[in-house]
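I have placed the structure first, in the form of structure tokens, so that the comments after it can refer back to it.
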Amino acid sequence: MNAHASLLPKLIAVATVACVPLSGESFYIEIVGKVLVMAIFAMSLDLLVGFTGLVSFGHAAYFGIAAYAVALLSPQYDAASLWVVMPAAVALSALAAFVIGLFVLRTKGIYFIMVTLAFAQMAYFIFHDTPLGGGSDGMYLNNKPSAAIFGWEPFELTNEVHLFYFILAMMVLVYLFLARLLQSPFGRVLVGIKSNEHRMQSLGYFTFRYKLGAFTLAGALGGLAGFLYTVLFGFVTPELLSWHESGNVLLMVILGGMGNLAGAVAGAFAFEAMREIFADITKYWQLLMGGVIVAVVLFLPGGLAGVPGRIKRALQGGEAK
Amino acid sequence: MDFASFLIQTLNSLQYGLLLFLVASGLTLVFGIMGIINLAHGSFYMVGAYLAFVLSSATGSLVMAIVLGIPLALVFGAILEWALFSHLYKRDHLEQVLLTYGLILIFEQLRSLLVGDDVHGVAIPAFLDASIQLTEVMSYPVYRLAISAVCVALAVALYHVIQRTRLGMMIRAGNDDRSMVESLGINIDMIYRVVFALGVALAALAGMLAAPISSVFPNMGSQVLIISFVIVVIGGIGSVWGALVAALIVGFADTFGKVLIPELSGIVVYVVMAVVLLWRPEGILKKG
Amino acid sequence: MSERTKQEVLLQADRLTRRFGGLVANQDISVTLERGMIHVLLGPNGAGKSTCINMLSGDLPPSEGRIHFMGQDITRLSAAQRSQVGIGRSYQRTNIFPQFSVLENVRLAAQSRRQQPWRIFSKAMEAEWALEKARACIEEAGLGRRVDWVSGVLSHGEQRQLEIAMVLATDAQVLLLDEPLAGMGSEESASMVEVLKRLRRTRGILLVEHDMDAVFAVADMITVMVNGQLLECGPPAQIKASVAVQQAYLGTEDSFHV
Amino acid sequence: MSNMLLEAKEIHTYYGASHILHGIDFNIREGEGIALMGRNGMGKSTLIKSMLGLVRPRHGRVLVRGDDRSRARTWQIAQQGIAYVPEGRGIFKSLSVRENLLMSARAGVDGRREWTFDRVMETFPRLGERIGNGGWQLSGGEQQMLTIGRALMTNPDLLILDEATEGLAPLIAMEIWRIVKEIRKTGIATVIVDKNHGAVTSICDRAMILVKGQVVFDGSSDEIRAQPELIQTHLGV
Amino acid sequence: ADKIKVGLMLPYTGTYAALGNAITNGFKQYVAENGGKLGGREVEYAVVDDESNPAKATENARKLVSREKVDVLVGTVHSGVALAMAKVARDTRTLMIVPNAGANDLTGPLCSPWVFRSSFSAWQPSYAMGEALARKGFKNIVTVTWKYSFGEESVAGFKEAFEQGGGKIAKEMTLPFPNVEFQPFLTEIASLKPDAVFVFFAGAGAAKFVSDYSAAGLKNSIPLYGPGFLTDGNLDAMGAAGEGLLTTLHYADGLSNARDAAFRTEYAARYKAQPDVYAVQGYDAAQMYEAGLRAAGGDPGRKEEVIKGMESATIDSPRGAFTLSRAHNPVQDIYMREVKGGENVVVEIVSKGLEDPARGCKL
């Protein structure tokens, strides 16, 4: 819980990641960029799952809506302005989350899980079954947005290194924003809702509004991740909204340890790294990955976020359990 | 739609609904009653289907395959519970999500290694391999009707066990407060093991029964997973009748959705779920 | 009690009825609560006391009847809205935030009086007023030695004390207390009684309690319910003497000696 | 002298790093009644849970009917004829009143079946009226009756009541004490935690006072009654 | 000289794993027959399991291109994944050979000098079937498919030819992918009583459709036709229900040309399994690249020449020789096949040298 004690490892982690472009290997720059995008995505979901107690199983919808928004809003032969498409994409996701939130937040627990899934599936089928975004084949984003402001271009998203640092900056910003948010009265209320919503109501909190606020915010940040994803890869497909993707990001959050922003980031890194590394070393990567996940659940209750604490306790020779 | 077609579509809906209930029945037990969020339900279904394929190839009969397969599935379920799930009851429910996701990967890969990635068929037992003429061009396979009968029997049996027997009461109580059940001198660990094994066996049975009509293929589990959860949840978690009603509703919605609004048929099921849950936030029949 | 001259009616419930399916848990129950007064609701188990409190606090909508708070009709307000106008409650079954520290439990209660959800960049822990208030309330409820404990690990009785601290922190004008003493030891009960007396000065308290020593020590007015219906309403002496109440609820003196 | 039912020897229990019980010795014989007293948070419930295996003591032994059961599972201990009514109840919410009772029904260790569904209904007529209700639909006091009834359905030799009259109306509480007395007469041993010291000491023959996880008094009820200052200092009445 | 590095991006897990393996086998078989070399150089593989997941497709393709620095990308089965790969191929100017995915766009509006296909376009086998059924004199046909691009493109191809031939589509039925509850459609078909039914399904869904169709008794009264994916790889699962089905595809059993016979014998010996159309497509992908490399003197770096070489080659495929269209799609014969004794036996060539129209391709 001591903010300063854990600051150093985080700074080191960010610094290490910031060194990735020095390798000059576009593949690594891109893949780490993707992991950073997923980290934003996971943090946005953790705001709901880990802090507000709202387990959304349809979070990919907001990722996907923003992803499609960039592709659809960008002109075919020209670059759109970053300062227009990014806010627009994020706002669309936020709007979708707000409207869907109005409905789904009436339910609780597992029912909430399923209704969020239902709405996400509807969004999925809209993109999959209609020609709107190229149907099941998806569509290309032919030109990455331009960051030019009145002719002056501070950085170029077409440059992979610039893009990488842009994403990294976004990730750090989202982290700082959420970390701060969670310490605010608003954040404390969310955590209170997770613990005992009924009690929060009888204390005079209009919990629905807070939950809707959190849901919309999470949708917006999920949208930010979706936006960055499209800019990074230039290709969108309905699968981005599928329940598999919603499940994957949920797994990242759980793997990292719910209710811990750094855990969500760690979960995203671990999840993507495992897929990457295991698929590299063997054709039977699923077996390895499945085995590791099962082992994590059995031996690391509380996910990766609990690991530093365990190490500390082991070093201090303190009480087990 | 002419009247005859309407009747046949109604029959289709019923039959599909009952099939969905069969597929979801194991989940009703493991998730609905025991409260385990089991994403590997689809894998157990797949295990059943492949057991049906392997065993019926070996023995030459689906009936034999089922007779041999059920005990295997029970043992398999009990071992899983002992080795994995029993450690998770006291933890956050979402860790079960992680665990069962890991299991999906493992089972899928093992399936590929052991049986390969081809699509297989399973023969309908000879005594059921007939059909009933409905219209001059269309007939209805007896096997499908037989499965429907099994589903109804299963629903009644499941309801009876869960609602009417002491075992059922203990299981439900265990989901409320495990240590209290233990304090009453009941070996809840053993009960949970047995019930989990039963849930696995039910899922496997569904796979075995469905194998002849759905064929046996990679990833077949993931196709039934979501729909099973949808059914258990719309029905009201923990309610067998609810699951049955939900399965029938989904059966009707899907069947008539395909006929009447084909453009939207992909989302019909989800619209139904959203509407039901917004109307009754705890499912159609909450408990009992 | 008689010295109070100007009596201000805080809460007025008129002919509240609540049905659960066929069961009538409350039938035509009217209760009046004045500032400076402790009104005790008595009745056998299942008489409908908690149901009545739930209707007053907004946890349950009444099937019939109206509720007024300081002249304003609040029948349709939600639980949160009623809390905001000044009705606070505690629960019969302990209802806290078990993962949080005692301080945070009470601080959240205090924070609810000044919600500023848009100020997402200020730190909750730096709002001194809320912390001070929380500490004071914890002290008042007799939990001072447990301020930094995780509330879920408190003993049963301590959790009951925490419930009280939380209502106190919401500045409620009207306190609806559902068996606050249940589970408290005799010493804690005694000090709670003192707390209640102190709180009475500025507020109105509706108390449900089965601890007769405490009830007769604090009550200004007593309403007795049986099977969802009003049996008798009057000052403590009248109730103590009532044969009907003794039969239905108190038991006779000699039956005390088991 | 009758046989030992339940014993705890030198029990030390911790929750994480906090040391709650500091070497407690406890024993109860067949038919005996013990009043367990102490202020809030002194470790009464923890002692009970430690003996039932609901919490694992770090040191010390638990013996049931003379056999070391320190490692036994809770259900194994309970099956030795020990029934437990926890504080804060523990009703099964998704079960109806009837089911709450039926699920625990069991013959006693010696095959006795004194307590049946009907007898519980007779004892708590109020429950009879609510028989089809779900556990979550009961009033607080009704829940309390249900837990006691449920414990009795196991036909125990030892009944442990942790704040069993919490939230019960005086009449019912008296009724409970009367029933407990009856139960005691049939030879069932009882451990009672309750804030009504008068009642418990009159029912039980022995009393024990815990202060900060240690036994400060263990003697007969008469002794306690004779020494009101004891109650004054340790229980603060 | 350096080795040739081939990037195989195919599904090795999930629904299409069997196809991925067959393609890989076919490709490697040709390389082995060629002395383990392509263009005279040793071959080295970089393999990625694409899981048929478009959401990971770009990333996987880039891994092969920028980390493994492959000379050619070979993949894949799933159209959405192939489209994502094609974008990477275009952006990074990497040669790509599609050994299966049939999306028309790949060699249509999205065609590119860098992208070749050794298989088919969704349009091809269906168009041929449309011609054939129109010739047979059917007037009134119902189509059924999944609502996804491959299915819709197939139906569109069929419809184009069938309507040109004077037929009429009575009703186009679609159901969401990968839903396999067909009973409502069978009932509708029975009440519409068309002359015939054209379906596009593949894999397990196809097996189930054919079984259900037969179990509903429709097989005897209303004939069923479809592109060959209906039966390929599924005959075992369909059992008797499949017997007698007529399908169109660019490959068949019993072609009785020497090339095919040799290919089959070798495949059977090597992999202890019978080859299928997917294996052929993998095999031909290797042949195509070989042709390109040979034209460039074995140097994969001379990309223009490799492309030229492939464009002008005639591929001596087990399916029969084919050339590539300007959009890089095979110009090939389409066979009418009949299911007989568990094999897709060739009946006749229904469309000789059928070329995809490559609408929207600016090459």
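Per-chain residue numbering starts at 1, and chain names A, B, C, D and E are given in the order in which the chains are listed.
To be clear about the criterion, a contact is a pair of C-beta atoms (placed from the backbone, for glycine too) under 8 Å apart; a residue touches a chain by one contact, two chains touch by 3 or more.
In this text the structure is predicted, and so the values were computed from the model without any measurement.
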Shared chain contacts [chain B and chain C, defined touch]: A, D
Chain labels contacting chain A and also chain E: B
Whole-Å gap between the CA centroids of chain B and chain E: 35
Centroid distance [mean C-alpha coordinates] between chain D and chain B, Å: 43
Cα-centroid distance, chain D relative to chain E, in whole angstrom: 74
In chain E, residues with contacts to at least two other chains: 13, 147, 176
Sequence positions of chain B contacting 2 or more other chains: 108-109, 266
Partner chain A, residues of chain B touching it in the complex: 37, 39, 84, 87-88, 91-92, 94-95, 97-99, 101-106, 108-110, 113, 226, 229-230, 233-234, 237, 263, 266-267, 270-271, 273-274, 277-278, 281-283
Of all residues in chain A, those that touch chain E in their complex: 25-28, 30-31, 34, 125, 128-129, 135-138, 140, 233-235, 237-240, 242, 244-245, 279, 283, 285-286
Contacting residues of chain B [partner chain E, same complex]: 1-2, 4-5, 8-9, 12, 15-16, 108-109, 112, 116-121, 123, 131, 133, 135-141, 143-144, 213-220, 223, 254-256, 258-259, 262, 265-266
Residue ranges of chain A touching chain C (in the complex, touch as defined): 180-181, 183-189, 191-192, 195-196, 198-207, 209-210, 213
Complex interface listing, chain C residues touching chain D: 20, 43-51, 92-94, 153-158, 161, 179, 182-190, 210, 212, 248-251, 255-258
